[in-house]
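We call the chains A, B, C and D, going by the order they appear; numbering starts again at 1 in every chain.
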């Protein structure tokens, strides 16, 4: 259990500090403007040239000097009209109030009492405009954004949105497992995923449909051949084949089938993924702990530009729980930017913002160029 | 540990069943079309008039009759060209294969082996079109949809979307806690929530901003007066005041302040909420376990129409984890339909779909009516 | 939005029902013993031979007949002394009160208004005594319990408990991935897991320790040889080698190394796992979504005893979130019994209960036998 | 998207650095002892007096200088026998290898590439021995540990353990909501919680049992009187009454009843809680987001000893998800130590460790003292 010293009041900054200023409360339960708002850390108030600690410390309250000269930390609602309330924003003593943050939070620039400092939280806003802008930039500069996705993308209805990103040149390569392709192909052939309809109902006889989908692709010989033969007519894998976007499907121990395209050997799978991670200039990891961590393991945190300069490799990690993103960071992928949401919703809104960004940029460009840009697949 | 009996093979249905049919596998690892896909439940195959259990049972596999007359459950990838594979879809014995589901899953209509049967899961698709349609219907028939929201709605950027729903007549009443209003008002006055900027950064000095926001409203006397005085200029509470949508703010033990409008007594708060729940014809519960369960406690599962007929009271519950929705159901609100996603994304997409639904209905209506409909606040 | 009919009041049961009985409230806010506690479903009360619906329906409240003959659903706290409160427990009309559950919850035996019906929840008690008893039974009858574990088991301090289960004959086979063995061996050689100490601190230079551990085993040639050479001196893998408990380590796309014992090909890995799942008489799945689902895929829901009788295959699935267990069930492993907790704590308490169970059984057996029983490895 | 500069190679430390050392790999896929293990950050290797960046950067790999003098980052499994592999542990250039962490992770002491740095994670070990030691210390010194609990504690079977802590003097005060007491009293009277039995089964008619329990206490007048009258015969509230441990039950908007002891006004409730938080010398927060944050708001991060010295106020926060602990920290309770587990298991193991700690201390003390110590309630 850590103990700590009081601050050094002989230090020049504290020795030279003025007394704290107090103003009367304008009404019961109402504080003067500019009141000092307390933290839960050791706090010292200079009164009559002496540094004193107030009684009953707590956060989110006011500092009150009562008629007997006693200092209290008091909830605003309990402050009576006319009571003397400390005012000031500074916590470094320069206005007569010193919050001893160093004792708890360290001396670094981070050493300030703040709320909402956790890195990954569903309570954080999601900056779709920024992500959309990054993606459009990458496409503009001929970058190589890799997308790594889990099967939740297909279970829910993000499938059409993923197809849109592939068709419009935002996907350098798709890295996924057997299940993504199996669910996607079951959806194309039977209209279900694991026998669940698009409205989320389990169907009678549905438990065998993914096996039937796999069987049809095995009969065709490969996903590309199943597309050629008209067995697979839409969806993510179809889009990759049609638009020439490379994909790597790597096996896992829980796979059914697997599909003929799947690399069942993990080492061989890692080699195949790495042929894309070494070229990656951006990474979008959606709804997959396993493949996100696999990719994070191989991915540098930075991109070296042709002129030798360095920039961060933008890495977006989407999951419905904070856990996956924290796990990715705990395994060294510190640059990952976490988005805690449902994969279906993420894909839909991201596409919306990319469309807006394209429209906004088109407004200031020659229309012909924009049109061409949108239609061109990224890899030719 | 339950034990079970074998099925009654003397029952008329099973006694009269035909032998199972087998077809040769067309290639190695490829099954004949219409193959029987196994489950993990006790399975009986009729061969030569006798019901037999295959060896090495597992799900997602094929039934193979080998050259020695032995029956195996075999992974499709291991089936060799020409091996005899059982075909058929029926699991009730009528094609010579019987899956003994009753032993495990009961005799009811639910008693069938299925995937994806859990009620609440992030893997389920979210039917925004249906929810949008319900909301537009409610507005059309003069219903009274109550919205119950938690502070995550304001932390993230769903604030503008909530304002849109209020302004466009989709909110009968808003039921929430002190924190929703505090964050919303902090956002209006300072542009932050708990000191966090709209892009998710903690700010220096930010930990006191919600206290300063509360103090300004306490000085004004009420939220409505703070709106009148121009202290609060936008946001959710502003929209309620301006559009005459009633709100109930109930207190909780973790409140700062609280704001002057907050009913700090829980019993008094429940009375105030109930004045709205008794009128409710729909409920949308977003990002709040506490208030969702409070509302669920008071809400009938049904609406009695003026003609005495009954219909379900549509209840949508949105949270980023399955837990809150399951908890709500575990406390009796069985009719709740769960949406597992981020509140910000939910609000944004729901609004998008409502806008689409309005546009679609407008296409088949006289434009003037539609416009009037959209502009009219629900409660006048 | 479902609509429903009122019940058939001409049915014999309802036609013959008595009037509801009412008793005066003994004090303000206090109900008579045996009061009827409401649900949120359509409810009908027989008064003067007529079935009537009360006003302001909600759950957890009382039925009050006021002086004007009006029927209300009223919160107990609002009931005044002497008000007439309906009494009775029956919801089928036989005491004059009918709850129309069939409208909502179906006609089956499940069709009753209940709380706490969700299958998997952290709010459910965990029956360690039952699980301990099952494990001791399995060992007693020479069963083959397979354990499938994720790396969280080793990160946290359940390692010693897992060793205890292996050493004492409760583990038929261990099925896991590369990471479990890597962390376990890093812990044996360096005292850390992913560079984190036993008290959870990240260490300087720690990020390379798992790579150094892998390198030492690769140099030795296999885990067994590293044990022989004294490189690995304790832990889970050491216990498997020393006690002759077979293990299968299967590869995944996120593996570092991998260790020489790892089967990197997923299909080959499934074959190796299946050699154990076909013998399994019980399964304990701890802290692994991937391997739990892989095992669930291969595992029958039942055990066929030597005499041909069937019993359920006890399947325990432990995870810190409800999601993994629900996912397992959604993929057909309906028999899984979910335990929502931390792996470390699960292992520790399970061991404690097994030790108690052994002591309790020893009390009624000859001591010598018990001792021999505890010491005997399960597979010889 | 951040960009960064290369390091200053003219700085004294880097200018004076030696060349990196390389050693041949002893076998294929086996690295020399002391190999340098890479990170995903920009890395510079000094070869022939020049700082160079290797190709194909990734973490968890080796630095290889090939026959052509090219530098590669290479997975260990791909290193061939005899290839030159960089050795060294230092990342600051002093052994010829420089990892440019400052670019990404800042200049502070935290600025080092590490795994497992997240503050709150289910993957972190739980130090029960430390927590037990803290509790025994507090009791020994006459401290005032406050316990703040949610209803999950009672739903699951931690009830008996909580009673033990109360009975043995480890609880200064209990702060909770209506639900904790309602479930606890339902368990005492009916043996269920929300109608769920101790083995987790929903019971017929069970949905009304908590209402009947509340009614009995309302009839008695208070919890203490219900204990006196023999209505409540065991459990947490019973233990508080019998052992004279003060409790504060504060209301919430979702309460049924409430019980007569509940403070329904939130402001009054906060005042009552604060009478205990100002005396608190330790806090244990179990399975409650609402009350944990309420308490965190009021609790200083430190204890002022009688001699004026300061120490941290130990604050343990237990929840089954990382979210609650992160939320508590995000609202300023930085000193909270998070334990991600099930409340039932936490209570059981903590008690076990406290019992062990007492036994261990008893071993080195005079038995009579220890016995007296264990039996004495903390507040007399």
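In the analysis below, a contact is a pair of C-beta atoms (placed from the backbone, for glycine too) under 8 Å apart; a residue touches a chain by one contact, two chains touch by 3 or more.
Just so it is clear, the model here is predicted, and its values are computed rather than measured.
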item: Other chains in touch with both subunit C and subunit D; value: A, B
item: Chain whose mean Cα position lies farthest from subunit D; value: B
item: Contact-richer chain pair [A-B vs B-D]; value: A-B
item: Pair from B-C, A-D or A-B with over half of its contact pairs in common with C-D; value: A-B
item: Geometric centre distance via CA averages, subunit B-subunit A, whole Å; value: 23
item: Approximate Å spacing (C-alpha centroids) for the pair subunit B, subunit D; value: 31
item: Junction residues of subunit C, two or more chains touched; value: 39, 59-60, 77, 113, 115-117, 122-123, 194, 207, 256, 258, 267, 270, 297, 321, 323, 330-332
item: Subunit C residues within the subunit A interface of the complex; value: 177, 194, 207, 250-256, 258, 264-270, 273, 289-291, 293-294, 297, 321, 323, 330-332
item: Subunit D - residues contacting subunit A, complex; value: 1-6, 39-42, 53, 56-60, 75, 77, 103-106, 108-110, 113, 115-119, 121-123, 134, 267, 270, 274, 277-278, 297-302, 304, 309-312, 314, 322-323, 326-327, 329-335
item: Complex contacts: residues of subunit D adjacent to subunit C; value: 26-27, 29-31, 33, 35-37, 39, 59-60, 76-77, 89, 112-117, 122-127, 130, 152, 155-157, 193-196, 198-200, 202-208, 210-212, 214-215, 218-219, 256-258, 320-321, 340-342, 344-346, 348-349, 352
